[in-house]
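Reviewing the structure listed below.
Naming follows writing order (A, B and C), and every chain is counted from residue 1.
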Amino acid sequence: MADDIITVEHLRYTYQDAQVAALDDVSLRVPRGTWVSVIGHNGSGKSTLAKNILGLLEPDAGVINVDGMVLSEETVWDIRSRVGIVFQNPENQFVGATVADDVAFGLENHAVPREEMLTRVDDALNAVRMREFANREPAHLSGGQKQRVAIAGVVAQQPQIIILDEATSMLDPAGRKEILALIRELKDRLGLTVLSITHDLDEAAGSDQLIVLDDGHVVETGKPSQIFAHGTSLVAHGLDVPYSQQLRGELGKLGIEIPGDYYDDEGLVDYLWTLRSTM
Amino acid sequence: MNKMILGRYIPGDSFIHRLDPRTKLLATFYYIAVIFLANNWQSYLLATVVTLAIIPVSKVSLRFFLNGLLPVLFLIVFTVLIQVFFTTGGHVYWHWGWLSVTSLGLTNAGFIFVRLVLIIFMSTLLTLTTPSLSLADAVESLLKPLAKIHFPVTEVALMLSIALRFVPTLLDQTTKTMNAQRARGVDFGSGGLFKQVKTIVPLFIPLFVTAFTMADELATAMEARGYRDGYGRTRFRVLRYGRGDLLAAVVLILLTLGLIFLRN
Amino acid sequence: MDITFDHVSYTYQANTPMAGVGLDDVSVTIHGGAYTAIIGHTGSGKSTLLQHLNALLKPTSGTVRIGERMITPSTSNKNLHPLRKKVGMVFQFAESQLFAATVREDVAFGPRNFGVSAEDADALAVQMVARVGLPEDVLDRSPFDLSGGQMRRVAIAGVLAMQPEVLVLDEPTAGLDPAGRREMMALFAKLHADGQTIVLVTHQMDDVADFADDVLVMDQGKVVRQGHPKEIFQDAQWLLDHQLGLPRTTQFALRLQQKGFKFDHLPLTTPELAQMLAEQLGGARHE
């Protein structure tokens, strides 16, 4: 328990003029070095959660702890320097007039000396393979490229945690795949903790832990295999069933019952092949 | 609209492109002032020769400079005609009421024509070779002394650079919204005034809504990345004068001396 | 009503150094009554093609025939009204076109522009809001008070209210969550079942497999293939080479094939694959 990099306890948040709380008694833990996904339909409160963790919204009640610091007015800037976030809309988070300017924006805010800034911007652009675009203007970049620049901005900041707030939901499938592969690579190389907020089950399937949010409540927490094992509840929460589970369901209708809790795609392929070989 | 605001900058790596934007900005203002020293054909010839010699250094085709004249063509023609018909002095070629064409009028008109064209060429040179962002940097740097009297120079500069950065985004959104409303039967730019005004609502309300969302999300993103106004920031983008800037200054001084020497 | 492209090319910013090819010698027919999907990666010319369907763009060369109407490079921008009414266009993130004070007014806006009386336009608004699955009480609310998914439905109702013969949908499910996406696709399927011609631009190959009966594949401004999804997705390797995805089922079947399963053709939908597997594994369940 000592090594939970984020803990949220009994968090409640209500938007101005709203009758019901967007988040109600939400508690969760993110162990250091893991990939945790918060999944839920649009309006389930998942983005509100991310904004609370960064102190961008002020909770009605509850305690948030990030990297050993309790979130408060005094610690919020320290916390923001340790947490990088990539938002949903590639266009509306691009502050700089050029790629390099945008990557440098966070560093300027944290008063990093210029000499150090130059190397950190360059390294970060290299890490996301956007170095040759350093002087490009955002108007000449695709959505996927803009998201890579946003990631470079996070990397340059050298944070402990990266939060993806539906960072891939506005990209085409190719762009989505690319961004996820990049985050995975950076997580391993830089020893980051990833908190991903998403409604894409393919994205969530690779995480260490899933937290299902519905109407501002945590309704389920567990490993993907545990949660995917009873897929029907995911549909009830406005989500999808993983493909392998859908296929199992269809096979079941035809009388082929597959025992066990959950198989991912690869597991199911193996199982089916074994089944065929033993015939 | 696109062409007026954005299409001006022509990327390149010429001597003029590489000059410090502050130099280019100050030089353009200085040039506009100093050209008023010219008052006879010799001095105008010198100014013309120098200007026409500078233009090719930018490696931008002369066509773009001539295009730069188009938006102000009416103004030039109007000014020249006023000079032709209303200046009196010297030999009178034609006369009707208080309109007359005189030798002095024609000479003055010629001088004014050359002066206007040269001024437009030089300011076009500035905008063709300097991205708007660099111009914003130059303005910020030149205004820096104002910070002493608590004018928020850096905040204004950041605002300006963000505004410039979002111009293409908003233009893009304008095109999209116009297309969407066209598809719903709106005719932009046709019909009487009343009909025209009515088409503004379905265009501008969606644009305002989008712009507000954009501003809101951008502000959140900036805050998340540690931006707090009035708090000490370091700067990534800095301007440095180089050897070329010195050379540019020398050329301007020589031009000034030449004009003083040649003028009446 | 068919829409036929005959050797259509379109160049962006023609006659400037920045000229770029949008469409390159496209000859293709979109059939009335069909559910046509247009696929291709970003920048392949899909949206340029789309904007020719209701003459928002005119070809640089070639002709587009929309029903009885011919659009050529020299067609005047006037009198395009009847066309815009026949081909309804739902753009990406269509909710950003809403502007009126109430949902009712916004949905009635299109018909009003086409000369429908206020009364009839209002009746259409009521009918279409119901058709897109929104409750009646949203009619007199501001569209800006609704959720993102509901706003998208209002925008679609606004296009349906024009009673177009062809409904063009540009990535209509982008940004929606899985439930929202399912409901949206079910809505279009129902419209198609009621006789609506549909043109869908999408990156979601599952939707193509599940709903379309004709597919256009675009690459570098050309229509490189056209056919039924069953034919198009058989050539899985070709699609992958062109950076296009496959339906989940087809992907899964490919993995099974690599393992050693044999299929006489690649399946597109989950029930189809389950059926094929059941035939091969039939004996297993009697153990």
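The criterion applied here is as follows: a residue touches a chain if its C-beta (ideal position, glycine included) is under 8 Å from a C-beta of that chain, and two chains touch if they have at least 3 such contacts.
Every value quoted in this text rests on a predicted model; they were computed, and no experiment measured them.
Trainee: Where each step is a move between two chains that touch, what is the least number of such steps from chain A to chain C?
Mentor: Between chain A and chain C, the shortest chain-hopping route counts 1.
Trainee: Is the number of contacting C-beta pairs greater for A-B or for B-C?
Mentor: Pair with the higher count of C-beta contacts: A-B.
Trainee: For chain A versus chain C, what separation do you get between their C-alpha means, in angstrom?
Mentor: Computed value for the inter-centroid distance: 30 Å.
Trainee: Round to the nearest whole Å and give the separation of the Cα centres of chain B and chain C.
Mentor: 44
Trainee: Can you tell me which positions in chain B touch chain A when the two form their complex?
Mentor: That would be residues 133, 161-162, 164-165, 168-169, 172, 213-214, 217-218, 220-228, 231-238 of chain B.
Trainee: For chain A, which residues count as touching chain B in their complex?
Mentor: 51, 54, 56, 77, 80-81, 85, 87, 89, 91-98, 100-101, 104-114, 117-118, 121, 137-139, 153, 157
Trainee: Using the touch rule from the top, collect the residues of chain C that touch chain A in their complex.
Mentor: Where chain C meets chain A, its residues are 41-43, 147-149, 174-180, 203-204, 243, 245, 248-249, 252, 255-256, 259-261, 270-271, 273-275, 277-278, 280-281, 283-285.
Trainee: Where on chain B is chain C touching in the complex?
Mentor: Against chain C, the touching part of chain B is residues 173, 176-177, 179-187, 190, 201-202, 205-206, 209-210.
Trainee: Help me check something: in the complex, which residues belonging to chain C touch chain B?
Mentor: By the definition above, chain C touches chain B via 51, 54, 56, 78, 81, 84-85, 87-89, 91, 94, 96-100, 109-110, 113-114, 144, 158-159, 162.
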